[in-house]
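Read from first to last, the chains carry the letters A, B, C and D; within each, the first residue is number 1.
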Amino acid sequence: MKTENSTLRLEAFSDGVFAIAITLLIIEIKVPSHEDLKNQTLFQYIGHQWPKYFAYVLSFINIGIYWANHHYLFKFFKNTNHVFNLLNVFFLMAIAFLPYPAGILGEYIMEPEHTRTAVAFYAFAMCLPAMGYFMIWIYAINNKSIINIKLSSRFIKSLTLQYAISNLLYIVAFIISFFSAIASITLSVALTLVYLLPSKKPEYFE
Amino acid sequence: MKTENSTLRLEAFSDGVFAIAITLLIIEIKVPSHEDLKNQTLFQYIGHQWPKYFAYVLSFINIGIYWANHHYLFKFFKNTNHVFNLLNVFFLMAIAFLPYPAGILGEYIMEPEHTRTAVAFYAFAMCLPAMGYFMIWIYAINNKSIINIKLSSRFIKSLTLQYAISNLLYIVAFIISFFSAIASITLSVALTLVYLLPSKKPEYFE
Amino acid sequence: MKTENSTLRLEAFSDGVFAIAITLLIIEIKVPSHEDLKNQTLFQYIGHQWPKYFAYVLSFINIGIYWANHHYLFKFFKNTNHVFNLLNVFFLMAIAFLPYPAGILGEYIMEPEHTRTAVAFYAFAMCLPAMGYFMIWIYAINNKSIINIKLSSRFIKSLTLQYAISNLLYIVAFIISFFSAIASITLSVALTLVYLLPSKKPEYFE
Amino acid sequence: MKTENSTLRLEAFSDGVFAIAITLLIIEIKVPSHEDLKNQTLFQYIGHQWPKYFAYVLSFINIGIYWANHHYLFKFFKNTNHVFNLLNVFFLMAIAFLPYPAGILGEYIMEPEHTRTAVAFYAFAMCLPAMGYFMIWIYAINNKSIINIKLSSRFIKSLTLQYAISNLLYIVAFIISFFSAIASITLSVALTLVYLLPSKKPEYFE
């Protein structure tokens, strides 16, 4: 019989969802209709789409970072179980949802009467995978059957703290958005840039 | 030569279809056009979309459950053959179809004159993968070349009964929809919640 | 170093394209707009979409069959090379193209002034992957580095004949479409049904 | 514990993005609405779409070539690291972006007032994955932990030169587009055809 409860197929499925969600981001950037080009040249249209390119790049990098982190975390996992699968499904549901708030951000961030809502919705949507990811980690460290090596408690504490802070910052970005859209989106971008830095994680074995 | 008739590539292909169908659900939730925002703010628009979020979450979880169950079942299968491949194709066709009834559910469940049809169509569409899944199981237990270990007859009976009841309940949800949309969708949600519970399956070996 | 020229990644990539093309078929069946429901109920609309369900099922099964056949053929291949990769890309290009003629078939097959064109275009589009598949096979049997076992010449002749006839029948379906749309689509459906039958292939080893 | 930093999951994820981006190209070719067929037959409509088929084929082949080259390059890589993952994400972001300029090319290349912009934007978009690919290679040859065998310096120089020239030619195609759209797109097509030729790479081992 095949290795039961191995994480292999779970990882393959997750990678599929990551890959599709990240690639679907582009369909929010529409080829202009002839109607769209009545009052502007194609060149102007392409230029005016910059908020969409910004939303595309920001969201692509964020999904890419989640993919890399998911990849990193699953190195430590050898088994899965029903609850763990479900937590992963909830996490993926939050990832697969991102093209929608990303589309709204790209469409409405530069329209003054909608900026705040667009930014707040995007910040809110960014909280969801952060929470899902955190729950996956918390569940895993409390279920010895999931983890495949003895992780040092220092490593566990370090990652837990890091993910908790990350969640907190996403929530802060969401709350800030009610007061200042520009501050909120700046924080979102800053968070993304921080995650692009190589992290100095402590050794995970004792 | 490569291992003939192994289920590996079938599983990979199925996972691909699961991953794409589940991720495509989001494209039924459209970024509003400027036209859409003439009589409401973006905030109101996002709020009014809640039936779509409901349809998204319900369908995402259902496809996720099917993925997990498919994964669970294929642990017992070591070979495939022509008919088995076809049954799997029919099952995947039913899975890949779901974004359409999910989109209709999200769009029309809250419009009184369309609620019943939207719910009935969704309930009908939910019967299809249940039937396909059941057929895969029935075919497999009657073809010894598919199954790779000796499953206990108690286990086989238990799973068969469980899948038969599941099919029956989906059909009931469909029939009920002609009398009460709210009862039908409640049953669909309840079924989904039941499948989220960890199942207490008997041991599968003798 | 990793196994060079192995077909593994080629198969994985092909499976990805198969899975996406097959799942994208559903996006040609659109959720009705409120405009669409002005002169008909949602129930009527869903019923009137039957040509689209027909096109969906026909195309889904055809892509599924190609996937299964591709799977079957690649059992015999152990290496790939530049030309072989290209032939596979051309084949996949034809597969990935299918959602477009399938969409046109579903939309226009029941509109008398467009039926013939819709059917002819679909029949034409079905010729392309058949040709691509045939070229993959012909190239493979003429390049010993691709095939990983000694296939019996009887088996090679049998498959070559079978694929040649298949190509011919697709071309016939295309040509017939200029005279009778109904005869052409009937032939396409019949071909699909034939491929659903388990084939009695001769032993492939000597 | 699983093999750390292996490139396997990176390759699988990349293949997913390649497969989705390449298959999404078809959604830029829309099934005509009844409105579209008011002044032309379906046959004429399908014929008039040829610039879209051209953009589809050109882009499909280009993404296919990138997939094959990525595949080729990753044979030499055994490990990944944070920066390497990021470079790959940037490369994939450029690949996943291609359906948008491909859609614009197909829609506007034959409309005189938009030709130049459509071609220039496509040429610009083609520079991005070329740059990303080049950066992956340059980073890899400067990080011994990435490469898994001792590549001959002659091979490294040869590939570096080849990729540098390739980048240069894409930039030239972009610059030319400001002067002559036809010359630019001709160069793009010629580059694609050149990459279809089997390359005569020197031996990579010493």
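One rule holds for everything that comes next: a contact is a pair of C-beta atoms (placed from the backbone, for glycine too) under 8 Å apart; a residue touches a chain by one contact, two chains touch by 3 or more.
In this text, all values refer to a predicted model and were calculated from it rather than measured experimentally.
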>> If I superpose chain B onto chain C using their CA atoms, what angle of rotation comes out, to the nearest 5 degrees?
In response: 90
> Which chain has its C-alpha centroid at the greatest distance from the C-alpha centroid of chain D?
Replying inline: B
> Counting shared numbers against all numbers at the contact of chain A and chain D, is it over half, same, or under half, different?
Replying inline: different
>> How many angstrom lie between the centres of chain C and chain D, each centre taken as the mean Cα position?
In response: 25
>> Need the CA-centroid distance for the pair chain B / chain D, whole Å please.
In response: 36
> What are the residue numbers in chain A that touch two or more other chains?
Replying inline: 12, 16, 19-20, 24, 27
>> Help me check something: in the complex, which residues belonging to chain C touch chain B?
In response: 11-12, 15-16, 18-20, 22-27, 29, 31-32, 37, 41-43, 46, 56-57, 60-61, 64, 67-68, 71, 74-76, 78, 148-149, 196, 198-199
> Where on chain D does chain A make contact in their complex?
Replying inline: 1-2, 4, 9-10, 12-13, 16-17, 19-21, 24, 27-28, 81-83, 85-86, 89, 92-93, 96-97, 99-100, 103-104, 107-108, 113-114, 117-118, 121
